[in-house]
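Here the chain labels run A, B, C and D in written order, and each chain numbers its own residues starting at 1.
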């Protein structure tokens, strides 16, 4: 919008005479915008006022925490003549007076969300179109009041999905309790853990377990803790040293419990050494410096990397490889998977990490959960296929629109 | 100015100490390693205490401001600040074996809270959004590949069925896509890593030795 | 009481966090905001646990006259100096304080250098592991080489096709694989989280009954 | 021992040495290879370019930590230079606890270089703890998250902040982060508020952000040092990004040569083994 004006002024200053002609022409077409550029004073009243926006509507913002109202309108017809720069929004608790500007939006927008209201208190709005200096007559609406909602309808699809998921998992967990035998495909990295513990015992060397660099807030860390529980049971049985350096103090606290209980369960509570499940530092590469030191000095027979990893993955895994350890990794960090795949002997990819504790423990209840996951995955795959068919039909013009894809869109 | 030179020199010596690890483990590396573990552990203890415990617990509960001015409670009732403070203190129960089990209370809340966040928000952020993004009309080769690749990868992750027959074919396609993706990620990353090395060399050559620009 | 209460707390916290996602009402959302801060506060308190653990490990090394105990003194000295400067020195952790100078000039360069070791390791890993042994391995290494070339100016010099191929690999096969992984990971996360909330998986509190 | 066995068992420290040499040499003898601009970078450039001068401010969240400085700082410099050259006002903040000093050094350095006035052309807000909370909070009211700037001046006393209340008054927010903060901006600013967001991330993270770019959730994306180099080319002001591209090219080639050598040796060894096996039989 301002573009046209800038252009005009450039023409005016640079090309004298030609510009005057162009201006004269433009003047007749767009009197207001040029009024400021032209030297001649324009007679008041010769300029038509900017047309206001129309169809102004106001209502409580749906699916929100409260204290906000959403306004919508049809743009001022003068947007087409580039006379409108902004819409200004005014609010008052009185329909007649006391209006104060509460916001403005650029031309082209047709909604405004006004926040900071008190729920249930009625307010009135006026909105004007403006070229930056003069304002159009206002469009008014009101009274309107904001209110909070107890359900976010824009997330209904996520809710349905979550409920179906929970039902699928709980159903199969219960079915597994009934003793139904469940097949689980082989996960090479996990089969190797038994051998790895045995190998470490034979060599008289420790096992190093690294549960990622993140905290409990990453579910991957919880998965890693579950795996540690299973690994600790095995090392306790074999009486192999298990070293667990931590980057997160809460994870350390939890893992001390996990390892301690595992040793207690196999009747070797005295073999548990709290100094082996310890905190190093929260700092990413200071932690890596420390763990590298442990690797080159303790030369662990096996190193397990489970959980959430960041850039440090390859520094750790290459150092581990250089000291000749068998390395098994598992992470859902997509960016780090290539490095573990390159440097480790076995790598659990993404969802396999979450399947690991069920796989290792062979507890029917946990295996049942895996079956539930598969069923849901099947549902996801089928829905994607249906959506693809629907989108294709719509794209080919067979159907008017694609009714399926929008079902996956979730709002804030 | 000399102040600055001393700090830069310390940084440079520590930098070289770490690089010496590439040759082999040695006392310089060991020193730098142990130093950074100690310093960074202290750093985070201080930072978290000042950023979370002081403003959210200590100040509201004791109305304590380090400069001596009492601060307003900003709508936060003091006992609302006391609860997380007490939960935090309960963590220390593990120092007293008799009461160690009490330390599980805050852990339960902590683990449960984050696990809950791993439920419904994940459905939206990781599953629905990706389904939406992949609901593509099969009108181009790209789209066909995206759909086939996604389904193949999904099938690769099936745990409770043998990867045989049609399933096996799709799982295999899934692996192919995974491997190309991993290769791409690897190749893409090299750049970042070299950038970091360039950054360190720049520090040594420009900031410390003033050899270049 | 010893096991049931933490499990109950875990359940309540988990259900609340899962359900609040669907309830925009300010009463719930304000509680959610506050609860998030609670979790962060608990986390902040845990740092003392961690620090005690670190001190204990090195104290034991010194007491047991372990071979490398000299370095344990280095750890303790570093830790003590930061705690001393942070809590007691003027300026505490403000920019420009002694605490901040230690951070900027000791911790930062060491960490940055550790990070930059990746440039070396990425080369040695590629040399060692990128062998065209199987179809999958071959695809991986070809994709890696194309993208490596396509990301640097020299790739543009060799052929215009290389940056194009790079973009294609990144936005088609790579994207499809990532989406598949993301959905799978999402399901794994949800299942794991659900099992924790429902108390089916109890490893976090030492497992069992 | 034949050549291929030697090659396959080469001490990796020789590789380390080669990498070291390849990084250092271009510092003294730049090659000056050309840089081609890609769409995601052009997208971010266009988004900044479209902000009208001396109007609503650009929000630049410098969320990187020291570890990712070499990749992300050149981006901060280039974007700030671009904004200031166009007389676009800038709000700078950081979400990383270790980012305060880095953010301050970037904004102060470039502001000084380009004669920009604090409070009129730019504001430095400092650090806000938490990640989702401040991002969400800015959508409600900037003054809730930052009642005052980093140096204690109330926002109401800062001329540039007049009429700037929340995302409605910020045409574009750019995050420069080597961690999940960039994602957080999409989740908590773009999704709930429809805020236009651009991101600069490390090269390694960039692939993860392609889906957001394709889904239109990001206006543009700078990936790593090359992203910075491309941006530097667009604003016609070369910096550390362009300088780093030479070392990058050399090392990328070196790694590819290593992979090729490794495979040649591997196949030679395999063939020799097969032949030996045949002869034995």
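FYI, a contact is a pair of C-beta atoms (placed from the backbone, for glycine too) under 8 Å apart; a residue touches a chain by one contact, two chains touch by 3 or more.
As the structure is a prediction and not an experimental result, all values here were calculated from the model.
Among the chains, which has its CA centre at the largest distance from subunit C's?
Centre of mass proxy via C-alpha means gives D as farthest from subunit C.
Could you tell me which two chains share the largest number of C-beta contact pairs?
Summing C-beta contacts for every pairing gives the maximum at B-C.
Find the geometric centre of each of subunit C and subunit D from their Cα atoms only, then give the gap between the two centres in Å, rounded to an integer.
Roughly 19 Å separates the two chain centres.
Can you check how far apart subunit A and subunit B are, centre to centre, with Cα atoms defining each centre and the answer in Å?
One centre to the other, that is 15 Å.
Where does subunit B touch two or more other chains at once, residue-wise?
Subunit B, residues with two or more chain partners: 18, 21-22, 30, 32-34, 36-37, 39-41, 43-44, 47, 51-52, 91, 94, 104, 107, 110-111, 114-115, 117-120, 122-125, 127, 129-131, 133-134, 147, 150-151, 154, 157, 178, 182-186, 188-194, 196-197, 199-200.
Using the touch definition from the top, which residues of subunit D touch two or more other chains?
12, 16, 19, 23, 67, 69, 202-204, 207-208, 211, 214, 226, 248, 251-252, 255
Could you say which residues in subunit C touch two or more other chains, in rising order?
18, 21-22, 37, 39-40, 42-43, 46-51, 54, 68, 103-104, 107-108, 110-112, 114-115, 117-120, 122, 124, 126, 128, 130, 140-141, 144-145, 148, 151-152, 170-171, 174-175, 178-179, 181-185, 187, 189-190, 192-194, 196, 204-205
Just say which it is for the chain contacts: an open line, a closed ring, a star, complete, or other.
Looks like everything touches everything, fully connected.
Where on subunit B does subunit D make contact in their complex?
For subunit B paired with subunit D, touching residues are 22-23, 47, 51-52, 125, 129-130, 133, 184-185, 188-202, 205, 211-212.
Which of the residues in subunit A end up touching subunit D in this complex?
2, 103-105, 112-113, 115-116, 284-285, 310-311, 322, 334-335, 412
Residues of subunit A touching subunit C in their complex?
63-67, 148-152, 155, 158-159, 162, 165-166, 169-170, 173, 215, 217, 219-220, 222-223, 225-226, 228-230, 246, 248-250, 252-254, 257-258, 260-262, 265, 274-275, 278-286, 288-289, 297, 311-312, 314-315, 317-319, 321, 332, 334, 337-339, 341-343, 349-351, 353-355, 357, 365-366, 369-370, 372-373, 376-377, 380
Please name which positions on subunit C make contact with subunit D in the complex.
Residues in contact with subunit D: 33, 36-37, 40, 95, 100, 103-104, 108, 111-112, 115, 119-120, 122-124, 126-128, 130-132, 141, 144-145, 148-149, 151-157, 163, 167, 170-171, 174-175, 178-179.
List the residues on subunit D that touch subunit C in their complex, please.
12, 15-16, 18-20, 23, 33-36, 38, 66-67, 69, 98, 100-101, 104, 130, 132-133, 203, 207-208, 210-211, 214, 226, 245, 248-249, 251-256, 258-259, 261-263, 266-267
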